[in-house]
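Going by the order they are written in, the chains are A, B, C, D, E and F; count residues from 1 in each one.
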Amino acid sequence: MSTVKPVEYSDASPAVRAVFDDIKTSRNVPDVNNFWKYLARDPVTLKRTWESVKEVMAPGALDPLTKEMIYLAVSAANGCDYCIAAHTAGARRAGMTPAMRGELLAVVGMACETNSLADAYQIPVDERFRDPDPDTD
Amino acid sequence: MSTVKPVEYSDASPAVRAVFDDIKTSRNVPDVNNFWKYLARDPVTLKRTWESVKEVMAPGALDPLTKEMIYLAVSAANGCDYCIAAHTAGARRAGMTPAMRGELLAVVGMACETNSLADAYQIPVDERFRDPDPDTD
Amino acid sequence: MSTVKPVEYSDASPAVRAVFDDIKTSRNVPDVNNFWKYLARDPVTLKRTWESVKEVMAPGALDPLTKEMIYLAVSAANGCDYCIAAHTAGARRAGMTPAMRGELLAVVGMACETNSLADAYQIPVDERFRDPDPDTD
Amino acid sequence: MSTVKPVEYSDASPAVRAVFDDIKTSRNVPDVNNFWKYLARDPVTLKRTWESVKEVMAPGALDPLTKEMIYLAVSAANGCDYCIAAHTAGARRAGMTPAMRGELLAVVGMACETNSLADAYQIPVDERFRDPDPDTD
Amino acid sequence: MSTVKPVEYSDASPAVRAVFDDIKTSRNVPDVNNFWKYLARDPVTLKRTWESVKEVMAPGALDPLTKEMIYLAVSAANGCDYCIAAHTAGARRAGMTPAMRGELLAVVGMACETNSLADAYQIPVDERFRDPDPDTD
Amino acid sequence: MSTVKPVEYSDASPAVRAVFDDIKTSRNVPDVNNFWKYLARDPVTLKRTWESVKEVMAPGALDPLTKEMIYLAVSAANGCDYCIAAHTAGARRAGMTPAMRGELLAVVGMACETNSLADAYQIPVDERFRDPDPDTD
């Protein structure tokens, strides 16, 4: 249970409605999800966050499914319940099959394990991990 | 600087050499990286971790590049310097271009931001994120 | 649901009651919150933690509102549900308005995003961030 | 040591230079810091991140010093070396004294301790932490 | 509420049943806990994770109680509700008394506090923490 | 490199010297380590933190070696370089052998992996993890 109440469309200011409308149109959904309704308590953050998410998640060098899976992987590593649920739904919509989800979460778990081992053993970075021509990246 | 010394091939026990040999063959590399040399101080963990990584990172429902990028994303979220360097190198070898890396890290950053906002606003999970037929997943 | 039961005042030992009494007097509240009732299962930790919190949160170079907001910011970054709720309430009591809360959480989110980007890009610290005269700090 | 090279002004594209110029003007500094030089490897992320930081850190319901201290607190909780150094410098410039820094870090440490205790004891949120009139927040 | 459904023994494939049987026999319990029932949606991860846990948690240089307490400590530091509950139960079964639990969680809290302070003050590692003869470790 | 300078005994105020003296006597060491020298920039935090550490790490229901190992485990999970180094040294002094360290870190790694899996699969807590008689704990 949150300490704030969500903003529903019927109660929203014109500025908030404009963001809600853009989300609904961009995603072709009948209503925005709770994340946006709660964030709407701070209209400036609502607008900035939506515009950033829209830009970051647009197809580019990576396709939408890969981006949703990376979002899910980070949310799982951070243990954020809401975002795990939201981006599991998002990745499924974008084509993630149960087998892909299984492998994705196995990689997340393995990364968390080896991250802690690399820290715990204080392992120095190998010289050859350095790019021979970093200017090109 | 670590509090343990790495195990070099020339000083390794037969059990450790067997793992090192398998890593070199599987990855077609002349030497194993520091992660394995330090982990070799505990041969049981070395063997189990390598066998797990080999199984988890093998191509399956997800291709090797996607797996390396997910590994890198989680390592960045966890702030593990060694693993960020190692899996940046790994993802590059698997085909990650500078443009893909830029978009991947943008998703990681956005996920970390919205993870903290979802936690901070204590946003309840939307009912529609629940699978209508979770038996099939 | 916790795996331990809270200690209510009526069932508390004299040592626990003394801490509960000090909390109620110091904060001018009719009852202590759940944090202290559960911690009371370990009276030594209860006493030490309360004395530390009382010292740390007392007005000094920083005023109580700023301290409550910093506590809330860290709790949000750590994703601790209980502490987010408790210190949202505490910061409101100390004067945090809805507009202040909105800006505070926007800073938290932005910090989490750029923290992950700085780690991911392995950015070296600028020399000029070093204090020219650190003796004075 | 990073796996990418920073972008210096003399080598920057017009789009990157425009962001660098805006940072230098807005902050009245002769050069941008490393964070922006490395992020410039991805000009889209550079532009979006700078615009977000500029909006979030502008004075509003919270003054710039409070915002810098919250940024520092979150960076310390997340253990991000670069951001701790950068926002220690930023908070000092905005007026943070050594005594304020000492108290700020004491609150961060105490929050991290009680966050882990609240999680570990699985303490349920007190009903009275819920706002009696959340519509107004 | 999870986005997947657990796999019950009666509905499990032979491969999943074989793992469930081994867990029940090894731990002398009538049924496996939810962790394994949900992981069973990905039989490969189920098998690998169980085999790893069985190997890691077996008595060796450290006794089972110490291992369960370390597992609980890490789970508390990571804020994982499920694992805190599971390994509190596990440590109790292995002999953890209420007094031991109290001291364990006090150490966890203190470590989280000083971890954040050591990061925040960017304290350099003392030379004498380096082993004079790390070859022997 | 830190943004503050450590306080050496010769430059310390009487209040700081009193804490340094108590550390040296309690631990039977010729000098305090860097953690205390940097914390001494804030004498109030220095005194409170030392008194808390002394109380928490004293032998009780858990022996000093177990406490040091738990401290190391949490520091590894949190990725705190300084504390990993300090408490590896502390645990060794208290009797941790290389074999014990190997098993300890293997448990840490496994806990980090299963913590992320339990979060990612959003696994509900088993009813039987609840204590049948929590009053006694």
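Criterion: a residue touches a chain if its C-beta (ideal position, glycine included) is under 8 Å from a C-beta of that chain, and two chains touch if they have at least 3 such contacts.
Keep in mind that this is a model prediction, so the values were computed, not measured.
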So if I look at the partners of chain A and the partners of chain F, which chains show up in both lists? B, C, D, E
Which chains does chain A share as contact partners with chain E? B, C, D, F
Consider the two chain pairs D-F and B-E; indicate the one with the greater count of contacting C-beta pairs. B-E
If we define chain centres by averaging CA atoms, which chain lands farthest from chain B? Would you check? C
Let me check something: if the centre of a chain is the mean of its CA atoms, which chain is farthest from chain F? A
Please work out the Cα centroid separation of chain B and chain F, and write it as a whole number of Å. 27
With chain centres defined as C-alpha means, what is the inter-centre distance between chain A and chain B in Å? 19
Residues touching two or more other chains, restricted to chain E: which are they? 1-4, 41, 44-45, 48-49, 52, 56, 76-81, 85, 88-89, 98, 101-103, 105-106, 108-110, 112-115, 117, 119, 121-122, 125, 129-131, 137
Counting only contacts in the complex, chain C reaches chain A at residues 79, 85, 88-89, 98, 101-103, 105-106, 109
Residue numbers of chain A touching chain F in their complex, please. 76-77, 79, 81, 84-85, 105, 108-110, 112-117, 119-122
Considering the complex alone, what residue numbers of chain D touch chain A? 1-5, 41, 44, 48, 52, 55-56, 125, 129-131, 134-135, 137
Can you check the complex and tell me which residues of chain A touch chain B? 1-4, 33-35, 38-39, 41, 45, 49, 52-53, 56-57, 60-62, 66-67, 69-71, 73-78, 80-83, 85-89, 92, 97-104, 106-108, 110-119, 121-126, 128-131, 136-137
Chain A contacts chain C in the complex at 3, 41-42, 44-45, 48-49, 78-80
